[in-house]
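Sharing a structure below in structure tokens format, with a few things to ask.
A, B and C label the chains in the order they appear, each numbered from 1.
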Amino acid sequence: MARWLARRLLHAVLTVAIAITLAFFLMRLAPGDPLSRLGDERPMPASELAGLRARYGLDQPLLAQYTTFVAAAVGGDFGRSIHYGRPVREIILDRLPASLLLGGGALLLTMLGGALLGALQALRRDSLLDRTAGVVSLAAYATPSFWLGLVLAWLVGIEWRLLPVGGFRDPLLAADASWMLQVADVLRHLALPLLTLTIVSIGAVMRYQRTAMLEALAQPFVAAARARGLSERRIRWRHALRTSLFPIVTLLGLWLPVLAAGSVFVESVFAWPGLGSLAAEAVGTRDYPLLMGVTLLVAVLVVLGGLLADIAYAALDPRVRPA
Amino acid sequence: MSSLLEVRDLRVSFPDRATGAVQPVDGVSFELARGETLALVGESGCGKSLSALALLRLIPPPGRIESGSAVVLDGTDVLALEDKALRKVRGRRVAMIFQDPMTSLNPVFTVGDQITEVVHAHFKVPKQEARDRALKLLNEVGIPDAATRLDAYPHQLSGGMRQRVMIAIALAGEPELLIADEPTTALDVTVQAQILELLDQLRATHGMSMLLITHDLGIVAGRADRVAVMYAGQIVEQASTAALFAKPSHPYTQGLFASVPRLTGPVGHLMPIPGTVPPPSAWPSGCRFRTRCPIVHARSAEMPPMLQVGPDHSMRCWLAEDQQ
Amino acid sequence: MNVSAPSLLRRAMGVANGRAGAVALLAIALFALAAPLALPDPAIQFDIVDGALLPPSVMHPFGTDHLSRDVLSRVANGARISLAVAVIAVALSITLGAVVGLVAGFFGGAVDTILMRAVDGAMAIPRLFLLLLLVAAWDRLPLAALILVIGATGWLGTSRLVRAEVLRLREVEFIRSAQALGAGARRVMFRHLLPNTLGPLSVAAMLGVGDVILLEAGLSFLGLGVRPPTPSWGGMILDGKDVLQAAPWVSLFPGLAIVATVLAINLFGEALRRAADSGSP
């Protein structure tokens, strides 16, 4: 077991290393260097530009830049944000909690909701519920997250004035307001972005689970369980559903890239102060260190998610457990 | 000996795109007395497994049991039971073991869990008692080191042991009738004899009746009290084992015997039955064996009923008429 | 069973969903191609003074936008752009993915390991972020470059898919017999293996088009994709963002167009996948 784990960890580290290298060289693919556009935004004397270059180490040969970068990145140092002037690491840490809240919540809702709805579809195969849910899930998947966010913001926030449409909290709420009021405030702001992100993600999970459940129900051991006089309910939930959940666990780990991409749009639309909106901002301001930092963090999270999913799968499915 | 199970005119139909519907089980009738073993013999596709499934109403949709069929277990009409009552029959009065123990056991639950699950489903006993019973059963079916094996997963056991586990699960309900559908087909030859021996012992110890379904005539001798030979959805010959082996009467049965190699006796030629078993949609009208029969009776265009050939020995063939 | 393209199509059309999807797609394609001929030029600003942000009416079924342009004709023209970008980009992705997958699966060993490790690493970065990195590096991407970049980031999944198919097929009899008859690597790969991966490939292609439409719309919404004045659905949604309360139709209709198109693609793609699954050797 330890050997298997060690091998998976090694694979994970290697993957991250390749990701870092890829990201670095992709960004340097363009002619000129990251600072060459800076002069377009606001006029600056050549000497200042040169000074900045030296400061960011951009006057070094590319390979040297790469090694310096990797060495620093491993230690968590991504340099300074060009736009904010503060260390990238600080900015990321500031914005991380909001993303975890939104992303984590969406992950939970998507997986739970998707698993239950998909299983229900399978149990009532070919019924009206099944067919409607099938089309609805495809439609949800086809919906652009940013558009859905706008529509929801308009309907719920503006027309019906039920929920706030932007930001993390009410700026007018007193800083010393009770803990419960503060939490409620954040939750109210979380509602719409969470709903948006969940809706566009849940469709795929539903379809996936439906198939997994149908397969589980068709297994011979289900018929054998029936022959033993076990109740349908027990057969469905304990035998069929349990077996169909394993692929979902793997999905959990693989869903991170989807959520990360979705959150870029959803956070931007709702001005949710997370990493997604940070990335969108950074592209707009051509803030390369910041963009790199966010991208690499996402890559690490994706790899970590995959690793955790593998471990969870092994923990749950006795067949896969390495001896 | 009173009759434990009475099956009359069992008919199972499946919808068929070409012909509307087919009846892979077409008018099967037999009786099973208490404590006796009946072997249902036939090649694959003859409908024997479906007949067994029908006894517990396990026919997978879109198949269905046709009205006019009767399955009576010790006076209870199984086909008319409500779901709850049916569950009290399944596993409790009638237990079934299947051909492939690997796919019939849930891979993610331990062996012990799967046995105790059945115990809890049919008896109100505390958890520890259920576990004790499971342990006893594992010992009874001959699993070495049973205490440890209770917590093993199916994939950790060999094929023979998995089949023993299946038998243990079947016994957990203390059934009156055990249906064994090709219990040894998926096993190594060396293990087959052991399992059959085990089934025999258990049947005697627990006073169960057994319906043994197989395509292998070899395992029937010495293990079954009576034999019913099936072909194309029908029983074509029924007799006590001794009578059948002494005088196989239906041309199909004779063909089966002729195609089985013998270890003793004169060395002759192996004679396979010419042709192949037709699918339900292509069954000939009248006697279904006539396209492959070496004799082909004059009346074979007409479906023969079961006719007596001797005491407790009948066959579905017009030749019986000639002999009377 | 037959895995040729026409038989796959026939089987996909046999399913209700497949038919619905195909019909819808045809309608959308027709709309994209023919409408610009029937509708006014999207660049025409009808009434610069009073014509901005008019609600839907008989003359402007989808209303007008903030520059007094007819939204319906903009949506139709946007369809052309979005569909063209998606189809070309996916064609590129599929080709790259198929080649890499074939090579990795067929040659195995070190080649396979290196290629797949590289793919693993690249897949750790979500496609959107890869695109953000590239767009940030270059300024003002012309349309052709945008298509290239989108296509170049989309082949990773396909290569894994093709590789898996190749690994599976390698063990199947007819491949072995082809090799026994002396067929060279290239011949085996392209003449024998590739046609049998057509099923999963076409499904991946279809679904890929849907994904790219969403991706390109997203980029355009962030101001990073198709640049105005070229009409694109994402860009139109962006335009409508600031006037959401006063004129929701500016953002609403392009979004609905996206949903309808991607839904149709996925309906047909699913039917195609089911057809491909049932026919593989």
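Following the convention adopted for this analysis, a residue touches a chain if its C-beta (ideal position, glycine included) is under 8 Å from a C-beta of that chain, and two chains touch if they have at least 3 such contacts.
This is a predicted model, so every value here is computed, not measured.
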(request) Count the smallest number of chain-to-chain hops linking chain B with chain C, moving only between touching chains. (result) 2
(request) Look at all chain centres (mean of CA atoms) and spot the one farthest from the centre of chain C. (result) B
(request) Go ahead and name the chain pair joined by the largest number of contacting C-beta pairs. (result) A-C
(message) Distance between chain A and chain B based on Cα centroids, please, to the nearest Å.
(response) 55
(message) Taking the mean of the CA coordinates per chain, how far is chain A from chain C in Å?
(response) 22
(message) Considering only the defined contacts, which chain A positions touch chain C in the complex?
(response) 11, 14-19, 21-23, 26-30, 34, 37, 138-139, 141-148, 150-151, 153-154, 158, 257-258, 260-261, 264-265, 268, 279-280, 282-284, 286, 288, 291-292, 294-295, 298-299, 302-303
(message) Give the list of chain C residues in touch with chain A in this complex.
(response) 117-118, 120-130, 132-139, 210, 214, 217-218, 221-224, 234, 237, 240-241, 244-245, 248, 251-252, 254-255, 258-263, 265-267, 270
(message) List the residues on chain A that touch chain B in their complex, please.
(response) 219-221, 223-231, 234, 239, 242-243, 316-319
(message) Under the definition above, what is the set of chain B residues touching chain A in their complex?
(response) 56, 58, 60, 87-92, 95-96, 98, 100, 103-108, 117-118, 121-122, 153, 155, 169-170, 173
